[in-house]
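Which chain is which? They are A, B, C and D, in the order written, and residues in each are numbered from 1.
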Amino acid sequence: MNEKINIGIIGGSGYTGLELVKILKKHKYSNINFLTSRTYKNKSIAEVFPSILDDGKNSLVFKGEASKSDYGNIDLLFLCLPPHSSMEHIKNNIHNKNLKIIDIGSDFRINDPASYKLWYGTDHTIPELLKDFVYGLPEINRELIKKSTYVANPGCYPTSILLGLAPLLESGQKPDNISIDSKSGVSGAGRKLKEPYLFGSMDNNFYAYSPEGHRHIGEMEQEIKKISGLDYKIDFTPHLLPVSRGIFSSIYCKVAEGQPEDFKEKIVRDYSDFYKNSIFVKIFADGIPQIKDVVGTNRCLIGINYDKRTSTLKIFSVIDNLLKGAAGQAVQNMNLMFGLEESEGLESNGLYS
Amino acid sequence: MNEKINIGIIGGSGYTGLELVKILKKHKYSNINFLTSRTYKNKSIAEVFPSILDDGKNSLVFKGEASKSDYGNIDLLFLCLPPHSSMEHIKNNIHNKNLKIIDIGSDFRINDPASYKLWYGTDHTIPELLKDFVYGLPEINRELIKKSTYVANPGCYPTSILLGLAPLLESGQKPDNISIDSKSGVSGAGRKLKEPYLFGSMDNNFYAYSPEGHRHIGEMEQEIKKISGLDYKIDFTPHLLPVSRGIFSSIYCKVAEGQPEDFKEKIVRDYSDFYKNSIFVKIFADGIPQIKDVVGTNRCLIGINYDKRTSTLKIFSVIDNLLKGAAGQAVQNMNLMFGLEESEGLESNGLYS
Amino acid sequence: MNEKINIGIIGGSGYTGLELVKILKKHKYSNINFLTSRTYKNKSIAEVFPSILDDGKNSLVFKGEASKSDYGNIDLLFLCLPPHSSMEHIKNNIHNKNLKIIDIGSDFRINDPASYKLWYGTDHTIPELLKDFVYGLPEINRELIKKSTYVANPGCYPTSILLGLAPLLESGQKPDNISIDSKSGVSGAGRKLKEPYLFGSMDNNFYAYSPEGHRHIGEMEQEIKKISGLDYKIDFTPHLLPVSRGIFSSIYCKVAEGQPEDFKEKIVRDYSDFYKNSIFVKIFADGIPQIKDVVGTNRCLIGINYDKRTSTLKIFSVIDNLLKGAAGQAVQNMNLMFGLEESEGLESNGLYS
Amino acid sequence: MNEKINIGIIGGSGYTGLELVKILKKHKYSNINFLTSRTYKNKSIAEVFPSILDDGKNSLVFKGEASKSDYGNIDLLFLCLPPHSSMEHIKNNIHNKNLKIIDIGSDFRINDPASYKLWYGTDHTIPELLKDFVYGLPEINRELIKKSTYVANPGCYPTSILLGLAPLLESGQKPDNISIDSKSGVSGAGRKLKEPYLFGSMDNNFYAYSPEGHRHIGEMEQEIKKISGLDYKIDFTPHLLPVSRGIFSSIYCKVAEGQPEDFKEKIVRDYSDFYKNSIFVKIFADGIPQIKDVVGTNRCLIGINYDKRTSTLKIFSVIDNLLKGAAGQAVQNMNLMFGLEESEGLESNGLYS
């Protein structure tokens, strides 16, 4: 029987941090050694989040900051921090190069410092570390993750989109054009106190944002190149949905005309083969997955349709942005890094249906 | 001062019929002579729809069916019927060829019987009438509508999309590819008693449907050809939003590379010029319109963005599917047909913001 | 034909101010002379609120503050300000005692300075004016309002509750106990940037607040005394609903046992008589009104039920908190003060059904 | 280590049946032997409910009906059937008197046949069995349940209300009056295809129903009598909330005037003592629990407030109607009946916060 993994969590009170705590509290081999939150310093999680099943007696208490000895007591550090903060945190606090780290933030997803600057607008402050981080998409980089010390957890949009594209690109298909229209629940924006995120602003509302270049494009084109060897410029438009959780990505690929009669069936087979050992991914040969099918789960459901009239392959990829798009995938990465069953702690069957 | 228009409404109890009644009750020159509903036969509208401001004393009463003399007493007939029913209704009941008709259903939007069969799956039963119906999109066919006897009210998706494309196509731009990702509120499906439309099914949910060929495509390609002279095959994918009302269409047009620096500004000018006499259309040069900006109004808001990196013009077009996409546009058409101010009865400032 | 009323609006950019502007833009006899907003100073309403039907050319522009001459040009001033601000505004700016004022805020609803201090926690700064304000509930104080210069627009909860109780108390019934459980949409809290009002906090949520003494109780007990002559201590508990707009008040009155067989019918008759000249109020003898029946309207719908087993009269009273509970009622008061038709500008038939 | 419990489920495709399957799939000692559904006969659960984590290979398949031998292979039968169907099912199919049964339906909650007829409108068809069923509210009847063969799972409203009242009544307090205003999510109505449950009907809506005598009253008064020895006639009014899941019960108890200064503190202590061994119940001394705190969990959160001015104790009790109000509580009962840890399989930390 495995020993417990001693874990530290930096930034444990946002939506992602909370989901991470919820999963780890049920995980057989996890021991949360400390978690930090400036907002809730010295409060217990039972007090702050009544939804967590906890008798309140030995409840975890948020620290304002981790101490030097805290870092010495753990096997794994999760970072749940806003852009530009993970690199500062590592620079200032992490002196043991062997401490395993999973960064759920966006600082280490881009490998090339110049590309980082292009998409994030500033210089990276520890660019020499970029190459040491493995891109933590288990269904694609499983073996690399198993051997890694540092993992950069993918963005929520890229997770849904790369899982939706990888089997196609791997199979040698070279679509003429890839156009992606993604829709995300409001939790994607975190707990920000801004008027657009008020209930009165989002209830019964919907709209596009960042249509002329969202940050996640850099990360997606980098990984597409690794998979296909090709330099795609993808056209990506995110939208905001009046739901709490979930991402639905509609991926439109123009393929050559004159495909064989069983083109769609072939694609479905390629996808099923590609994911045959990936329990969290499920292919819909008929029908289209829905956001309610994934809320509360670590799954990615992929629907495949082919519009022959316009030679468009339409791939619909759905995840829970806080789980497969953030905390769930982070735990999946942890399981791989520590030789555990990939689904340990991630068996949730979801909320709806 | 104008005289009142005597009006008959067939199918007055669905979402569209109800919106039509609400507008006409406030319209200065409207007199609803009769309205029918099998479901609510002999009930008053005040009883069925408490939201209608009505003292209940002289309230309109739903008839099960209109009588022969009913048709003789009216100047204008609105049809709010499901597919295949409008043609049957006209065939069986309308003998006065001069009676003005606005069909809010889908039976007379396609001009060519063969195309009708292709998209609707059955033969049209009065194909000789197809050519007599004017496509009732006032911002594009205003003069034709003024002189028409029969008007086919456009579909909700086509309204949002054609208004979003017309100025571009008219200006001589010939995009290489037009790909449209539309999202509609649940009222687009009417009051159908099916499990997917239950609150428990749609709350916090979202998904695509009909990805391999939605009926509205025929109507859109027909009108695009009239505007541009070109035979586009558009790629269209509708989705269902967890909102009651509203359509948001994201229209992606691939344009040639190497556009001039002020390309976007030029497009915005083209759109503003095109709609300068159309009070219900508003162009967003900066910013993106939202569904909540149009709910409860007869407006179409259009946002224009240009992603230079991928040479993609991104046009976002938003309407209330029950108003500009159905009953509101029908009254706009009525106003034109009877020489009234185009916005009479349609001054509503919406519900949200 | 009436002349136009020249109107000033202080605080025109909150939910209530916006609704007021929307109504007045469609009101036949209204001319908005100026409106102020610190947030949107120098912006046009067409720019800030795209939902307002406006060609953008002669659009109203928000002023940061009203000037001395502004106050000289108007016949009526609406105040849409947070607690404690209306009195300061009047004290500092209003020198013409004959200028008609409708305060949509809460500063002048309580007549007695001691009671004001009890419920609002501070001394009133112009207590001598309290007695000059008429409580603006038209269905009860219609004649007083017609002759008044100053009107205090009732709170949203009190509007729903007093309209639900007035006929009962007037009829001489003296319930042993009045217990009220009210539920309000989130817009009742205004556009406050606080975590509880985020979409992620309220979506699919519901809870009670202020259970040990909400401010609106003082106002309600004062008016109940005026109607019934009795000193009731009412037990009132507000709750927050995951809807944008609407209040549903469940009013439980314990009546004496042994009522006659036709007790409920008698109560229904009393209510119908009481409101026979009040177009916005509608009594449901059977069935229960719903929030969707009133959203977007100035109506108050009242359902009456009698649970004989426990001798409990259950009155359900429903309004749109931003209309009958705020801006709509304010315009209704304006109509009365200026001798207009009571429903002018308030004919909206609502959004849903 | 315990052996697995062999389980049969009748009616496994409704909201409650699905939740039950989800819990049992993760339960360490559960083996679902068969589950039935007429609607989904011969389909696998992986196919019908994509939200269930399942590789689809050895997926459970719905049977149309259970066979005679099926009943012989199980240790425990769950019934998830509509009113009047559980008794028919037992009468026709269950011949082994020792087979453990948990009825999640409403047929066996009332002990007295006359009372059953009063509240359910028909005669019970196997009245002799009523006395053999234990009322399955573990926090109150834990010891009885451990020894029972037949358990009647409580209704969702009664669960929230009885847990909210039990410590008060046990402590000897005798409130003069108990008035309860409950609000339930739409899933409480099941998957019924009726217009009031459409998304377009419930979105942004709210209303009361059954105000003159809801069936759950009989069950509540029966259990209140067992706890307190008193014959209360409680005044109960249910309402429908625009949320998928959750019940919020506001319980108003009039207590004698002149309570000691620390009255509320004493009540809070009584509640904390009463539930000190009940992990799923949590008392809020300050603050008010919210529906989002319990969605997806088996918890009951109870807030206690005292309005001294009106001598009203206000108890707010919140549960997830499908879990603590149905399937979760059923598994809690199963755990007790089979000597397992009470929380086995019920550790979920919920969806929101």
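Just so we're on the same page, a residue touches a chain if its C-beta (ideal position, glycine included) is under 8 Å from a C-beta of that chain, and two chains touch if they have at least 3 such contacts.
Since this is a predicted model, take the numbers as computed values, not measurements.
Any chain bridging chain A and chain B, meaning touching each of them, is among C, D; the list is complete. More inter-chain C-beta contacts link the pair C-D than the other of B-C and C-D. With centres taken as mean Cα positions, chain C sits 47 Å from chain A.
Inter-chain centre distance (chain B to chain C, centres taken as mean C-alpha positions): 36 Å. Centre-to-centre separation of chain C and chain D, using mean CA positions: 39 Å.
Looking at chain D, residues 200-201, 203-204, 242-245, 289, 292, 295, 352 sit in touch with two or more other chains.
Only residues 15, 186-187, 191, 193-195, 197-204, 242-244 of chain B touch chain D when the two sit together in their complex.
Across the complex, chain C is touched by residues 177, 179, 181, 183, 185, 200-201, 204-209, 211-213, 233-235, 237, 239, 241-246, 248, 250, 252, 254, 288-292, 295, 303, 305-310, 312, 314, 316, 318, 352 of chain D.
By the touch rule above, chain A contacts chain D in their complex via residues 18, 22, 25-26, 49-53, 55-56, 203-204, 244-245, 279-280, 282, 284, 289-290, 292-297, 299, 301, 343, 347-353.
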